[in-house]
Amino acid sequence: MKNENKIKSVSYAKWGYIFILPFFLSYAIFSLIPLADTIRNSFYEYYAFGLKTVGPNWTGLSNYTSLLSSDLPKYAWNTFVMWILGFVPQIVISLILASWFTDARLKLRGKQFFKVVIYLPNLIMASAFAMLFFALFSNAGPVNSILLRMGVVGEAIRFMESTLGARTLVGLMNFLMWFGNTTIMLMAAIMGINPSIFEAAELDGCTHTQKFFKITLPQIKPLLTYTLITSLIGGLQMFDVPQILTGGKGAPDRTTMTLIMYLNKHLQAKNYGIAGALSVFLFIISAILCWFVFKMNTDSDPDGSKSAAKRAKKGGKA
Amino acid sequence: MTKKRILSLALASVMALGLLSGCGSSPGGSDVAPGVEGKILNIYVWNEEFQGKFNENYPEVDRLSDDKSVAYLKDGTEVHWIINPTQDGVYQQKLDEALLKQNRVSADERVDMFLVEADYALKYIDPEADVAMPISQLGITETDIANQYQYTLEAMTTPDGEIRGLSYQATPGMLVYRRSIAKAVLGSDDPDTVAAAVADWDKFYETAEQMKAAGYYMYSGRSDTYRVYSNNVSSPWVENDKTVVVDPNMMNWVERSMEDTLEGINHKVPGQWTDEWNKDMGPDSKVFCFFLPAWGLDVCIAPNVKDTAASQDWAACPSPQSFFWGGTWLVAAQGTDNPEHVKDIMLKMTADRDILRTLAVNYGEMSNDQPLMEELAQSPDFGIELLGGQNYLGVLSEVAANIDLSNISSYDQGCVEEFQNTFGDYFNGVITLDKAKNNFEMSITERYPWLVGGGVIWP
Amino acid sequence: MDNKKSSARTILAHVVLIILAFLCLFFFYILIINATRSHAQLQLGFSALPGSSLIDNFKSVINDPAIPILKGIQNSLLVSGCCAAIVTYFSALTAYGIYAYDFKLKRAAFTFIMAILVMPTQVTALGFLRLITGMGLDDSLLPLIIPSIASPAVFYFMHSYMQSSLPKELIEAARIDGSREFGTFNRIVLPIMKPAIAVQAIFTFVGSWNNYFIPALVITSKHKQTLPIMIATLRGADYMNFDMGKIYMMITIAIVPIIIIYLLLSKFIVEGVTLGGVKE
């Protein structure tokens, strides 16, 4: 056995390098070199002055200090709040829907229809969706027109002029765009659980709730982690929806200004120094996030559920 | 099995798309010899206004492409329009990118002409930036433009004594009001009666109270009165490219707008060029008046009342305080390969009396020909349908003669946008006045990083 | 008793689903209705019934040279299609390289990818822009496609999928049958990975279709713009506001192609994802 392994590694190792080469080459060129350049720029005063350019002049850490004295932490908080506003309902609803859709005992009519419908918003381009919401929820838009006519409100609701309103709209859009996607992902995971586990549980007289918390949840934990990861990536990068909804202003009072919107502001103004320093801050936040995710992934099987699922699957197949 | 088929179908369609999309033609062409005009004329604009006027009035236009994006001149030259929105500096950004590439691209891709507004004109006509060609270099003489309003020339005159842009319009402002509401509240829709009712700010606010009592709004939102205040300032926005100086009159605007918003004098519309603002001009609106220059009649009001009961429900009278708004100048780009065409377009569109007359008659434009405008102001035949046949030029001539652009700066667009944005939150009751001031200071240095050191001086 | 309880659950499930479906469809219903109404009609407030200006609005959108939307659709389809193909193929390739072979840097390579798993591309946007400008690739669609060869998240998905669904014995068997390494990957591994590839192709396509941040910074000329950039122009361009019918129509046009593709493939998309975890 040992001998065979050794032969394998000797004869095929180069193929491993060849197969992973495109990935690493592309990453080095399009991410690592730009990262180094971004960090370098962050130490310079370097911006477009009308049609002229100022710099690059070495300024050390002054870009960093001026950023820290601005509202940077506020934008980080905004980003987080709006992510939570979308993510919490998204994961809760998706878990419920996924367990319903996969419950053979639940006689759901039009299951296919619902699945198709809830996934639909995910396909809508975020910028078009935000533009649509901007038109629909504007002070003189159709939503206010409907509410006024139904007598629900006496005066038009100025959704986008209050912090709560604007953030809720962003959260609502994020929720609508992603809950169908998450539902389908979770369904795939639940379907992957060996049915015999459920059968055994039912024989033991487990209730739906018990089955959900004792079997489904632990079994799909790897995929829940995956969902959390992708959602976190999305959350940190939140840009299109608030950018277009507020026209890049993060109104009101920049309470919907996300980190990337702020970066975009400086990139558009061609302020390379500040944009560089901001990128480095973002890089640090991302690196911290990466570390958590890395820990979670490499330690994602503390209770053995993943390998249990794998074993179950293998067993099922055999 | 089905899955397999569908997947290959999907792949096939992706490949088909690749084939379809792969056939863009690459821009060819080499630099032309001097004296020979290029085949393509690129004009940068921020909306379709001038393009429309050009297509319909420039005599050399032979035909248009199907989507109207290209005009073919009689000599075969193609006029290409590159449109980018003004807002958030997008137009300037795209124009800057193109101008900075001017020497690196083929002749056909170069910018030949671009349009500028008063709010940022100085940035482009700056002799040091060297992107705008003096009109003398094109061969345009002072006699060619003798009839133009003096201020439109002074605004484009740089310290070296050269003029670097010409305009086809004068943009004095007026108060455009709804006849039906004037009748209902003031008892008459006659421009003289209304003019008396808004003769100064005190009278204006007396009338506003009457409007409010009758269930109407005096005006739409704070942005409407903005220009009336910002044109009556005592110094430019930025001193020595370093310090932002907020004029006391801007703070008057802030104070007055807040009051009007709280009192329900205005309709709380957060900005111009929005759907809400357009609705306020529409047939169902309860908003009495708008502060607009002549171009606003055709550009702003007309599209919102076309074919409705309000299509002639308008009239104009002098604003309580005089102001101007906008103004579009044609600028020849340094490095153009079509100087003769550019010269001809500039002359025809800004100094040809017949064309200027057509612009005034057909578009309600106040054309850049002072004697002609004074003649039309007296003419009983000249009236605008939108204004129920009123000849509004009389209202404007005096204002036009007194327009003073000495306080404009290249920072105006940024300051105008950021000032209105940051104080908008204050008017909406989201933040305090001090917070709004802080936000303005922050926004302005984000937009113009070199102003960081100079700070902002408040009155 | 059990029966009663389960019928209560069924009713609850239906109510929740109907509410959610309403929420998903309602906004698009307004969108479609408004796209059929003229600007003047829209100014009068919302109406539940369609108007008669569908064709007019459509024509005015198609004929607007300021926003060449057909070109935008073409550009978007090209970029998204290529991205979907490249991302899935190269991610599977990379995952396979690490999953199937033993080599010295295997552990390091895997750890590296896991470490950069959630690193947003925006972080390096500044350097990226300067790089592609230096390469003469600014204002080109290529920089929107090529870098997607390295997609750590998709790699992770593929790798996890391989762990659960690709027995190494199969690779061994292929080798014994005389299959070459690339041949094994293309002919044996890829078909097994099909459910995972399909899922990721769809998500990548959608992600790329939606992508706005980087394209908006890279693309400067009008005829190379992708759809999201054009849609974003609507928000900021004053000249667009005079015809709300046109705006609604433009949003409609921006989302219709993808909805058609979705409806054609919806069974495959939804079922494909669900079937992904279960082996035949």
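Should a chain be cited, it is by its letter among A, B and C, assigned in written order, with residues numbered from 1 in that chain.
Here is the rule we use: contacts are C-beta pairs under 8 Å (C-beta built on N, C-alpha and C of every residue); 3 or more make two chains touch, one makes a residue touch a chain.
Only a predicted model underlies this, so the values are computations on that prediction, with no experimental measurement involved.
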A-B compared against A-C, more contacting pairs: A-C
Longest centre-to-centre distance from chain A, chain (CA-based): B
For chain A paired with chain B, centre-to-centre distance based on mean C-alpha positions, whole Å: 40
Chain A-chain C separation of Cα centroids, rounded to whole Å: 14
Chain A: positions in contact with at least two other chains: 135, 247-248, 268
Two or more partner chains touched - positions in chain C: 236, 244, 275
Chain B, residues touching no fewer than two other chains: 87-88, 274-275, 279
Contact footprint of chain A on chain B as seen in their complex: 87-89, 93, 96, 99-100, 123-124, 126, 128-129, 131, 268-270, 274-276, 279, 410, 421, 424-425, 428, 430-431, 435, 439, 442, 446-447, 449-450, 452
Chain C-facing residues of chain B, complex: 2-4, 6-7, 10-11, 14, 17-18, 20-22, 24, 46-49, 66-70, 81-83, 85-88, 90, 94, 97, 272-275, 277-279, 282-284, 303-304, 306-308
Residues of chain C that touch chain B when the two form their complex: 39-40, 43-44, 62-66, 68, 74-75, 77-78, 81-82, 84-85, 194, 198, 201, 220, 222-223, 233, 236-239, 241-244, 265, 268, 272, 275
List of chain A residues in touch with chain C within their complex: 5, 8-9, 12-20, 22-27, 29-31, 33-38, 41, 93, 96-97, 100, 105-109, 112-128, 130-136, 142-143, 145-146, 149, 176, 179-181, 184-185, 187-189, 191-192, 208, 222, 226, 229-230, 232-233, 236-237, 239-240, 243-244, 247-248, 260, 263-264, 267-268, 272, 275-276, 279, 282-283, 286-287, 289-291, 293-294, 297-298, 309-310, 313, 316-317
Sites on chain A touched by chain B in the complex: 47-52, 54, 66, 70-71, 135, 138-141, 158, 161-163, 247-249, 251-254, 265-266, 268-269, 271, 274
